[in-house]
Amino acid sequence: MQLGMIGLGRMGANLARRLLRAGHEVVAYDVNAESVAELAADGAVGASSLADLVARLAPQRTVWIMIPAGFVDGTLDGLVGLLDAGDTVIDGGNSYYRDDLGRAARLGELGVDYVDVGTSGGVWGLERGYCLMIGGPDATVRRLDPLWRALAPGAGEAEPTAGRGEPAGRTAQDGYLHCGPTGAGHFVKMVHNGIEYGMMASIAEGMAILAGADAGLTDHVVDAETAPLRDPENYRYRFDLGEVAEVWRRGSVVGSWLMDLTASALAADPDLTGFSGRVSDSGEGRWTVLAAVEEGVPTPVISAALTSRFASRGLDEVASKILSAQRAQFGGHDERKHLG
Amino acid sequence: MQLGMIGLGRMGANLARRLLRAGHEVVAYDVNAESVAELAADGAVGASSLADLVARLAPQRTVWIMIPAGFVDGTLDGLVGLLDAGDTVIDGGNSYYRDDLGRAARLGELGVDYVDVGTSGGVWGLERGYCLMIGGPDATVRRLDPLWRALAPGAGEAEPTAGRGEPAGRTAQDGYLHCGPTGAGHFVKMVHNGIEYGMMASIAEGMAILAGADAGLTDHVVDAETAPLRDPENYRYRFDLGEVAEVWRRGSVVGSWLMDLTASALAADPDLTGFSGRVSDSGEGRWTVLAAVEEGVPTPVISAALTSRFASRGLDEVASKILSAQRAQFGGHDERKHLG
Amino acid sequence: MQLGMIGLGRMGANLARRLLRAGHEVVAYDVNAESVAELAADGAVGASSLADLVARLAPQRTVWIMIPAGFVDGTLDGLVGLLDAGDTVIDGGNSYYRDDLGRAARLGELGVDYVDVGTSGGVWGLERGYCLMIGGPDATVRRLDPLWRALAPGAGEAEPTAGRGEPAGRTAQDGYLHCGPTGAGHFVKMVHNGIEYGMMASIAEGMAILAGADAGLTDHVVDAETAPLRDPENYRYRFDLGEVAEVWRRGSVVGSWLMDLTASALAADPDLTGFSGRVSDSGEGRWTVLAAVEEGVPTPVISAALTSRFASRGLDEVASKILSAQRAQFGGHDERKHLG
Amino acid sequence: MQLGMIGLGRMGANLARRLLRAGHEVVAYDVNAESVAELAADGAVGASSLADLVARLAPQRTVWIMIPAGFVDGTLDGLVGLLDAGDTVIDGGNSYYRDDLGRAARLGELGVDYVDVGTSGGVWGLERGYCLMIGGPDATVRRLDPLWRALAPGAGEAEPTAGRGEPAGRTAQDGYLHCGPTGAGHFVKMVHNGIEYGMMASIAEGMAILAGADAGLTDHVVDAETAPLRDPENYRYRFDLGEVAEVWRRGSVVGSWLMDLTASALAADPDLTGFSGRVSDSGEGRWTVLAAVEEGVPTPVISAALTSRFASRGLDEVASKILSAQRAQFGGHDERKHLG
């Protein structure tokens, strides 16, 4: 099939490459002409503008947008005048599913279909394949099946699920799923990322407990402002975090791709000196919590994972100052300046 | 009555003064001779050593220890050879209730009684009175009733509780309570401080939400690493935090002494420039969570208040670096260096 | 002044009564005619319909709506045709501040002012006064000052805040505050309730830890599915929760109106047999968390208080079943049927 | 090698079978004679008592204990008189690492070595191999290498970790790791299970959000006690949870063994009708949180996962009743009896 790809960042460029490798034709555009040239060198047809991209696609066009969520509407503004009825726009980025509803309506008035795709796989997707969570009209999603199949990992990437029976018309075992109507793809991707926040934090907290297991080997201040370590003899371990992550990759209950990556990161940089610990959040975690709250579903773990990321960036400063001020008020406590 | 006070820090000195004002006799000792001299100027009998303090007390002595938890056992080491059967030691500091059990047993072998007292009231206790949570043997606690009565605020400090009936032999309405056997006083004080952590954090978080209500008035980065603010028009408020705290002091459901103190702190320093936001924890919050976990009682709020304090001191660094490393691994995400 | 009150539930009726006591004139309407009759017996002018209520008010009318958030727009639908330019509508209920923006715009087109008021005080407000958090246009809020003053508790209800100086034109010390433009009143009330959730949960969790302190006195199952209690000797206390709440009312750091109410509840029903523990949430707690997430402010404590309420109503059932199913899968664990 | 296995439950019997398959000799004992007979049928030498088991082992014996944590000390009581200097006891169950320290000391006085092994893999370990986290003296752990190697999954079970280099004397890539001195194995296993709690809860919460995404399709009560769903059009999805779990198994960031198991569970029982949602905790999660608190490491996610399990078993009842009682006090709120 032929596809136009708008946005050739980490994700867009590799999606395009994986499609090219599978024999599909890709017309590619990015605001950065260098990115276009690089992909053209890998076999794509380069486009110099949105209009050029659309012009280079044969009708019943399919255009995949792969750009930050904040830029999608602007790009759609540029596209709407260029597309024809029967064309399809795919938003494969991390858009908010609520925006899909308005965008589908807007394009629908022009006879243009809109498909929302949550795309997981990161920089590894080119080789591993991308997990695709798809929302939109049945016929369109079905028509684009060759694209999904080319991008997804394929069934061979994991053992069949016991008891699931023959797939017969189902696709989840291949790594892509039509989740429901407009927005369903990004909804499922949003929740995926919420789970991701929680799983990442679980591993990270566990590693931090291991790292702190030497607390009984170091000296501690004894004063009224510091909790004494009651039983130092229980905290006399110096664990090799990288080797622990490595051993957990085989046979354990916590085996996971995130553990694989944690082992890789620790193998490459055992003290993680390349990181300061300011952890970004790019929207999906927030939206997951918003959805949970509106649904009335308790998500203490995912909520905690989100607020921890906020705190890692110092966004707890106002609250913490209030706490220090309260302590100064009732107890005359000065803030300790040292670590710990 | 006559009482020996060991430890003349913020708390010990004021407890002694409140007893002196009520006509009791106080023999006072501190490792810092200057503190002893100051209290002697206020009417106490100064002592130059533990031995001197014990010598100046008439038998069936009562000695109140008011020092950091980490120093109590050392002080008891010094006291045990000096005391006689029939004497009583009160630990009024923030000791771990579990230590009370061993201390009571140790002293009990010498015929010395041990009473554990959780003392709340901070620097304000001298004027407001101290809330006393008492554990230990019935007869001893009863014998010391004049001390408790002098230190506690008295019934007039709050309206009677509807439906509680006549106090008749009960003392809680006066601000002191014999909570149970050895350790019961510190157990109740421990939980008191756990509640305190949660209440403080509730107020602090609410204030932080108010402070952040101007988010729609400021510019935001638009990129793949930053969640966009979807509806800036909903965040166009600049609240006066001090005035909000003040209005909540009257008639609201959140009216509390902690809110009074928050209002005071904000009146004195509206931007809390005197504070960095590194919030200490001195043990009771930790012990509260340990007790909850061992009892199997869910305490998500108090637990979160505790972990937030840890994070305010940068103790989330290892976990946050792991998160950043994972993100770099799967998505090639660089850490953002800017705030927010 | 003259005021129309729409909605004579617990809150509306008592607000009206407090205004009547202060010499204001109240025209009152409720869908329930009996409620109207009751308030008329207390001195209000009864109205039989929205139209009747409006007709009985002299121009530059002030109409206070005090009904569940879900019914406000319907009531406004009925009112808009009846009001004249220069009139004012006050929404004193627990509306979402975001709705205020649209409502103010809608009424503004008719020249009708809109004021949003967060009202705290519950069933006690009639006697204690109501804490009022007000949003809306300056001139209108100023014009209605006699109403606020009559409803609020007044400065005498709490000690002056040290360091705040002379009030001079400020009103927070009297228990009411003009917080900002449209929506500001409900925003501050929303956060107030978020804090309330956290403070309530802090007290409740602490009480639960006290109640569980007898864990070492009871027998425990020993099997692979149950965590053994390691040190039963540390959990041999039977606390009187009501007396503990009572003692904390005086001199302690956790002294608060919520603690007063907790003591009352426990005095009336020590085992809380009248309650099943299904805790409602009426919107503000959810909205508080939504605001925090959108602002990027970490609120682990308030978030946990909210999710706990959800769980108290069994809304954690899906997640818990997934956990049980996972445990059955990896470990062959059967669910234990007994408590604990 | 020859090994004595004590405890032939799910775990012990399969460990023994895996050793037998690898050509090791197993002498097996259980309080349940039937379990012994079953394993004897699979090639083990059956023993009728602890004494019989010890007698059937050639000196420099190795005895593996695989029983619930609460029974280990009793079993050691029976063993100590039977063993000789040079023998080794392995505790492969879910013991608390702190108990290892005392047990190692007790056995050490007899010249018997003690090795603590955290064993992960559940009912699948027989086929997949067990992830082994080992603590104890170097020489002993090294001597038992053939056992570890037979039980562990082996390097082939996962891709090599990029950048880790040649294993050269390291074993983590084979699925077993000597983590450190006595207790280190159970410490790492404890943290493993803490991570497991968090990962499980992350998946479970995400699934619950997906299940609740149909909230806008159902009717909701409108009253003052129930938060209205503001935008029902955003919650009109009916997701197939099993298919979502299946698609996430390939190429996604949340791919993990726990997701595999979740997909299996949902394939077998899409509505999880076989489960009530009462989730046990068997100790390690609690101990993980205790360690984090004592170390001063913030673990909001793992803590929340633990408290959620407590709440799933109704252990939040006291706190929830207090909340309901407070609400009744300040607002006259009755508890809603319906779900939601």
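Letters A, B, C and D name the chains as they come in the text, with residue numbers starting at 1 for each one.
Basically, contacts are C-beta pairs under 8 Å (C-beta built on N, C-alpha and C of every residue); 3 or more make two chains touch, one makes a residue touch a chain.
No experiment lies behind these values; they were computed from the predicted model shown.
Trainee: Give the rotation angle, in degrees and rounded to the nearest 5, that superposes the C-alpha atoms of chain A onto those of its identical copy chain D.
Mentor: Resulting rotation angle: about 180 degrees.
Trainee: State the chain with the largest centre-to-centre distance from chain D, centres being mean CA positions.
Mentor: C
Trainee: If you average the CA atoms of chain B and of chain C, how far apart do the two points sit, in angstrom?
Mentor: 28
Trainee: Where the centres are mean C-alpha positions, what is the separation of chain A from chain C, in Å?
Mentor: Whole-Å distance between the two chain centres: 37.
Trainee: Give, as an integer number of Å, the spacing between the C-alpha centres of chain D and chain C.
Mentor: That pair's centroid distance is 43 Å.
Trainee: Using the touch definition from the top, which residues of chain A touch two or more other chains?
Mentor: Answer for chain A, listing residues that touch two or more other chains: 122, 201, 203, 205, 208, 211-212, 227, 230, 253, 257-258, 264, 281, 286, 294, 296-300, 303-304, 307-308, 311, 315-316, 318-319, 330, 340.
Trainee: Please name which positions on chain B make contact with chain C in the complex.
Mentor: It comes out as residues 97-98, 101, 120-122, 125, 128-133, 152-155, 157-159, 161-165, 170-177, 179-181, 183-184, 187-188, 191-199, 201-203, 205-206, 208-213, 215, 227, 229-231, 233-239, 242-244, 246-260, 263-264, 267-268, 288, 291-292, 294-305, 307-308, 340.
Trainee: Inside the complex, what are the residues of chain D that reach chain B?
Mentor: Going through chain D, the ones touching chain B are 253, 281, 286, 289-290, 293-294, 296-300, 303-304, 306-308, 310-311, 315-316, 318-319, 330.
Trainee: Per the contact definition, I'd like the list of chain C residues that touch chain D in the complex.
Mentor: Listed in rising order, the residues are 9-10, 68-71, 94, 96, 122-124, 200-201, 203-205, 207-208, 211-212, 222-228, 230, 257-258, 261-262, 264-266, 269, 272, 274-283, 286, 300, 304, 308-309, 311-333, 335-337, 339-340.
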